[in-house]
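Across the two complexes that follow, subunit A remains constant while its partner is subunit B and subsequently subunit C.
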Partner chain A sequence: MSEYGIILQFLSWTLIAGGTFFVVIGAIGTLRFPDFWPRLHAASITESGGVILLLAGLCLHAGWTLVMLKLIFIGVFLLITGPTSTHAIANAALVSGLRPKSQSVAPNKADDESS
Partner chain B sequence: MRLVGYAVILSSLWLLWSGIYKSLLIMFGAGSVLLVLLITIRMNRVDGDRIQIELNPLNFFGYICWLMVEIAKCNIRVTKTILTFSMPIKQKLFEVPYTQRTDLGQVIFANSITLTPGTVTVETEDGQFLVHALSYSHDDLEALADMDRRVSKIETLART
Partner chain C sequence: MIFALAGFGILLAMVLVLIRLIKGPTLYDRVLAVNSFGTHTVLLIGVVGFWNGRPDFLDIALLYALINFVGTIAVLKFFRYRAIGDVMWTPPEKDKDA
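On to the complex of A and B.
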């Protein structure tokens, strides 16, 4: 393997490892956060940082082939549909009356609407 | 004329995504392209709506590059929040005004807000978005106003 190939391999595995890290962080955040709204933000780490880094790493792995083009298209579609579905969930929560718990409100009143 | 262009685009996309060039599969591809064209002609009879893309492609590319850097920064910030033991959350719903003239520009701005971790567009209202932030600070409003200006800049002037 040429030196160029080794550097490419190293870069691609670094990116894939970084993407995996963000996916795991998203999962940890979803479990740790106390409430619906912060959990939404944790999931959005997975779908932005995780997806972009993983696909970039896979693109470098594939090289200049048809596979790379397909990966780029997958990335574009995910970057359009990801925020749209997040917005759909958030909007559904808002419409059904779920409001974020305010930190300044006393614990026994935290369930009240804070607008 | 428009249909011919449409057929060319559909066929080239099919060929790119398939990658297997056997005669049987290519026949399936041609069949599906024809089917889509037939459906399009039928739908055109119902409404001849066209979407106009009024964006400057060069500026759009520049904006995507800027957005990627922004996403990276926000990712690191939210990751810190998750990994900090006490989880310093200060969530808030607030309104962000938008200045885009076209629907597409507004969609790009709203999706950009959602795509950067830490902020989610919850509701679209007349002239403003309702945004939920994970750890709200006064810099957030300024950062979102900056993003708003950048999205407005990639729009070409709307023909009113």
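On to the complex of A and C.
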């Protein structure tokens, strides 16, 4: 454990706990939401919230070392590919005809033809 | 100590996502679950690396994040065009295969 102030340790611990909280919440949402589209939203909670907080907490714990640079690389990469892969999945599902069950959104023209 | 909490939290999240992977009615639920499981693995590698005091596992985590993304896109492309490599034909305008 590199020597650093108690405040820094407290901060890193809260960030890591927060990150874990977001990861678990996202996973619970992915499991329990009724339809595919809300699950997509829940899964992206872990992709964004969980990753940012958890990696920030690890960065604080690591201090100004090469490890922090690697963590930043991982964080930047995950924040770029997370939404991209979520978009790819959503696009593939939409194109293949998977529509939101609740149709709470106004059914647009495309729906009339396909359904 | 906090790393233990984070590690077990991420493991719990992985189990939940695995249940979604098995239960997932549509194909895209499963792709979503696998993608989410990959992200959890990246975080778990990072946390456990720090837990054992050997943070040089982060290279593996970064590599895993790269490959997880490519894998998700490959699966989606396969089910979209029925082929990964040589996509010769353009899909019909309103294809119905789920």
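Just so we're on the same page, the second predicted complex is superposed on the first by the 98 of 115 C-alpha atoms of A that agree within 3 Å, B and C clash if a C-alpha of one lies under 4 Å from a C-alpha of the other, contacts with A are read in each partner's own complex, and residues count from 1 in each chain.
In the analysis below, contacts are C-beta pairs under 8 Å (C-beta built on N, C-alpha and C of every residue); 3 or more make two chains touch, one makes a residue touch a chain.
What you see is a predicted model, and the numbers here were worked out from it, not measured in a lab.
J.: Quick one: classify A:Leu40 as touching subunit B (first), subunit C (second), both or neither.
T.: After superposition on chain A, A:Leu40 lies in contact with both partners, subunit B and subunit C.
J.: For A:Ile28, is the partner it touches subunit B (first), subunit C (second), both, or none of the two (neither)?
T.: A:Ile28 contacts both subunit B and subunit C.
J.: Based on the superposed arrangement, let me know which partner A:His87 touches: subunit B (first), subunit C (second), both, or neither?
T.: First partner only, subunit B.
J.: Considering only touches as defined above, state whether A:His61 meets subunit B (first), subunit C (second), both or neither.
T.: A:His61 contacts subunit C only, not subunit B.
J.: Just subunit B (first), just subunit C (second), both, or neither: which does A:Ile7 touch?
T.: neither
J.: Once chain A of both complexes is superposed, is A:Val51 in touch with subunit B (first), subunit C (second), both, or neither?
T.: second
J.: Figure out whether A:Val76 sits in contact with subunit B (first) or subunit C (second), or with both, or with neither.
T.: Neither partner.
J.: On the superposed three-chain arrangement, identify whether subunit B or subunit C touches more subunit A residues.
T.: C
J.: If I apply the document's touch criterion, which positions on subunit A are contacted by subunit B in one structure and by subunit C in the other?
T.: The answer is residues 28, 40, 70, 73, 82, 84, 86, 93 of subunit A.
J.: Which residues of subunit A touch subunit C in their complex?
T.: Its residues touching subunit C are 12-13, 16-17, 19-21, 23-24, 26-28, 30-31, 36, 39-40, 43, 46-47, 50-51, 54-55, 58, 61-62, 67, 70-71, 73-74, 77-78, 81-82, 84-86, 88-89, 92-93, 95-98, 113-114.
J.: Going by the contact rule set out above, which residues of subunit C touch subunit A in the complex?
T.: 2-3, 5-6, 9-10, 12-14, 16-17, 19-20, 23, 26, 28-29, 31-33, 35-36, 39-40, 42-43, 46-47, 50, 55-56, 58-59, 61-62, 65-66, 69, 72-73, 76, 79-80, 94-98
J.: If we count contacts the way the header does, which residues on subunit B are in touch with subunit A in the complex?
T.: Touch residues, subunit B against subunit A: 16-17, 19, 68, 71-72, 75, 78-79, 82-83, 87, 89-93, 110-112, 114-123, 130, 132, 134.
J.: Across the complex, what residues on subunit A touch subunit B?
T.: Residue positions touching the partner: 22, 25, 28-29, 32-35, 37-38, 40-42, 44-45, 48-49, 52, 66, 69-70, 73, 79-80, 82-84, 86-87, 90-91, 93-94, 99-103, 115.
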